[in-house]
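As written, the chains take the letters A, B and C, and residue 1 is the first residue of each chain.
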Amino acid sequence: MSIHPSAIVSSDAQIGANVSIGPFTVVHAGARIGADTSIGSHCEIALPSAVGEGAPLLIGDGSLIRSHSIFYEASSFGPGLVTGHRVTVRERTRAGRQLQIGTLSDIQGHCEMGECVRLHSNVHIGQASRVGNFVWIFPYVVLTNDPHPPSSVTRGVTIEDFAAIATMSVVLPGVCIGQGALVGAHSSVTRDVEPGTVVVGAPARRVCLTSEIKLKDGTGRPAYPWRHHFNRGYPEDVVKAWLAEADRLGFEGSAISNKA
Amino acid sequence: MSIHPSAIVSSDAQIGANVSIGPFTVVHAGARIGADTSIGSHCEIALPSAVGEGAPLLIGDGSLIRSHSIFYEASSFGPGLVTGHRVTVRERTRAGRQLQIGTLSDIQGHCEMGECVRLHSNVHIGQASRVGNFVWIFPYVVLTNDPHPPSSVTRGVTIEDFAAIATMSVVLPGVCIGQGALVGAHSSVTRDVEPGTVVVGAPARRVCLTSEIKLKDGTGRPAYPWRHHFNRGYPEDVVKAWLAEADRLGFEGSAISNKA
Amino acid sequence: MSIHPSAIVSSDAQIGANVSIGPFTVVHAGARIGADTSIGSHCEIALPSAVGEGAPLLIGDGSLIRSHSIFYEASSFGPGLVTGHRVTVRERTRAGRQLQIGTLSDIQGHCEMGECVRLHSNVHIGQASRVGNFVWIFPYVVLTNDPHPPSSVTRGVTIEDFAAIATMSVVLPGVCIGQGALVGAHSSVTRDVEPGTVVVGAPARRVCLTSEIKLKDGTGRPAYPWRHHFNRGYPEDVVKAWLAEADRLGFEGSAISNKA
């Protein structure tokens, strides 16, 4: 355990083995930090609030929380959480293993995420959002929840497994993005998106099937499902299954991506 | 008064009764902090600057400034200011009581806001903006001011009372959003918007009257004016007036919203 | 040299003459900070990383890094760098003199910028971007790089000299914005933009030549090239050349802009 002398860590916080905590970071009583986790400088962890009602913040083993990040109490994250800098995560957020949250992203709480979800920089996840497994959400995407703002009506967004939402898109309240669908950049998604389709525009309209998009890597292979050519950083068991699936389908998916 | 020992507070700052200041926060000489105000960790308050010319930063009584926020000198806020985390507020901003500024929002200064204005997360208020009373601005909205960037011409935006601007919209320089109007999500507002109308799109076009939108709460009541069904957190005198107005108009507005 | 006693500065960092470092800032071993530079509070400078491989962070003389900013190791900046608050700059970013990076902007690294580039607040520069000299990028603009996200294919964006990209626009992978072009607000740029033209919309379409836009300052002078009427804060040698050019062309460019 390596806690910087300038960090302020509550004696009631539960800190696992081999955890490091950076300078000027504040860890409140409700923190339950898994082993082998690293927390950067200038963070505030397990911030108490009326909404949280004293419930703990659970961070799984082997996580990495980068500097200037803020986590409220009363959320839980599986092992292998990785964040960028200055993320904000409010109460009642639940996520499976290996969630990635990019720099400046803002999770408003009261939401659920599956395993291996990846949020890029500056993503805004409204309350009541339900995000499946292996979803990608790119910079400046907003998941909304109020059909006639401001009001007390909350209609969360649903994003199904393997879907990808490209940068600067808004998903309107109650909309469901189907499995493996792709929302093009700068779109406003006002209606449900069928699985495996591509939509783009404001309002977003169906353009084609994802299977019609070719990889621009000179091979002409299909770009979707992306798991057949892109698997960097995913768990070993997952990658193995994806490669087997690609092999079965005759796709040359064995080349492991090396992109950051 | 409860100032964390790690906070750095200038002896020239004026701090009211019962103020709390969190760890690693810096409060400069120009701060005038009202009673019963709470300031979180890692903030910088009353930051001096050439533009500020040493004028004070006035924070009204009973305010709450969350962690990692930055306020420059030479602005003033009425009582009951509430901010999210990491807000930035530049010089020469003036606002009435109970302004709310969401996480990551960036107020560029030289602007005016009425009472009970609510900015959600990640809102960008350009210089020379004039925002009325009871206005709502949602995430990733930008109020611009330069008609042909870059230039020295500044044409601020005007937002009239009770107007609401939904997420990811841009209001172009010099545009006026009329009283009680609604700008739909992901819009680019290039022309003035008439009071009580709904516009959407890029460029934004008139869709209907706000009075034609029904609440999706099973009652079929009108969703606008929103003050007839949504009043959580507003001052008692204001809520009383709104409920009386709703009663007069036969609207079942007495159900107080309980949405966070 | 004025290092706040609460700052944590590695003894291996190289700090020039007359540098000031604010409270609660962390400076790592790889920092090479030029003379007469000022670094605000709560920053993290020369953050080590696997990508950086221990290469230094070079900050030119006379720079100003505002509070809560984060620079990784393995980048270099010419003299006169100025940042807003909470900027994030990843590894392998190279920029010429007098780069300005607005509050909350996020530079993902592996990119190049010429001299006197100005990024306003909350700009997102994707990896592999190439930005020329005297470029302006306004709030909430995203430069992308992946033509079919997620994938390992990277097609960076190119922005040529003097181009300006207005707020809330997305530039799609591999697109080139030509010299002196203007992208209107809230646009999605899917194809190359010819030099000296104005495009707007999603997808962005050509509207006119920049030379057809008149300054809204009562003079009716052309608004572009902007360097003929706007030169605040640029280096003396540059301004002199711009004014001479304007004179040659008969433009009354001698009035120095005084806008912030």
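In this section, contacts are C-beta pairs under 8 Å (C-beta built on N, C-alpha and C of every residue); 3 or more make two chains touch, one makes a residue touch a chain.
Note that this is a predicted model, so its numbers are computed, not measured.
Asks: Would you kindly state whether over half or under half of the residue numbers at the chain A/chain C interface are used by both copies, giving same or different?
Replies: different
Asks: Suppose a student superposes the Cα atoms of chain A on chain B; what rotation angle should they report, nearest 5 degrees?
Replies: 120
Asks: Could you work out how far the Cα centre of chain A sits from that of chain C, in whole Å?
Replies: The answer is 28 Å.
Asks: By residue number and range, which residues of chain B touch two or more other chains?
Replies: Residues 6, 24, 42, 68, 86, 104, 122, 140, 168, 202.
Asks: What residues on chain C touch chain A, complex-wise?
Replies: Residue positions touching the partner: 6, 8, 24, 26, 42, 44, 47, 51, 68, 70, 86, 88, 104, 106, 108, 122, 124, 127, 140, 142, 144, 147-155, 168, 170, 172, 188, 202.
Asks: Contact residues on chain B for chain A in the complex?
Replies: 6, 22-24, 40-42, 67-68, 84-86, 103-104, 118, 121-122, 136, 138-140, 164, 166-168, 182, 185-186, 201-202, 213, 215-217, 223-224, 226, 229-230, 232, 257-260
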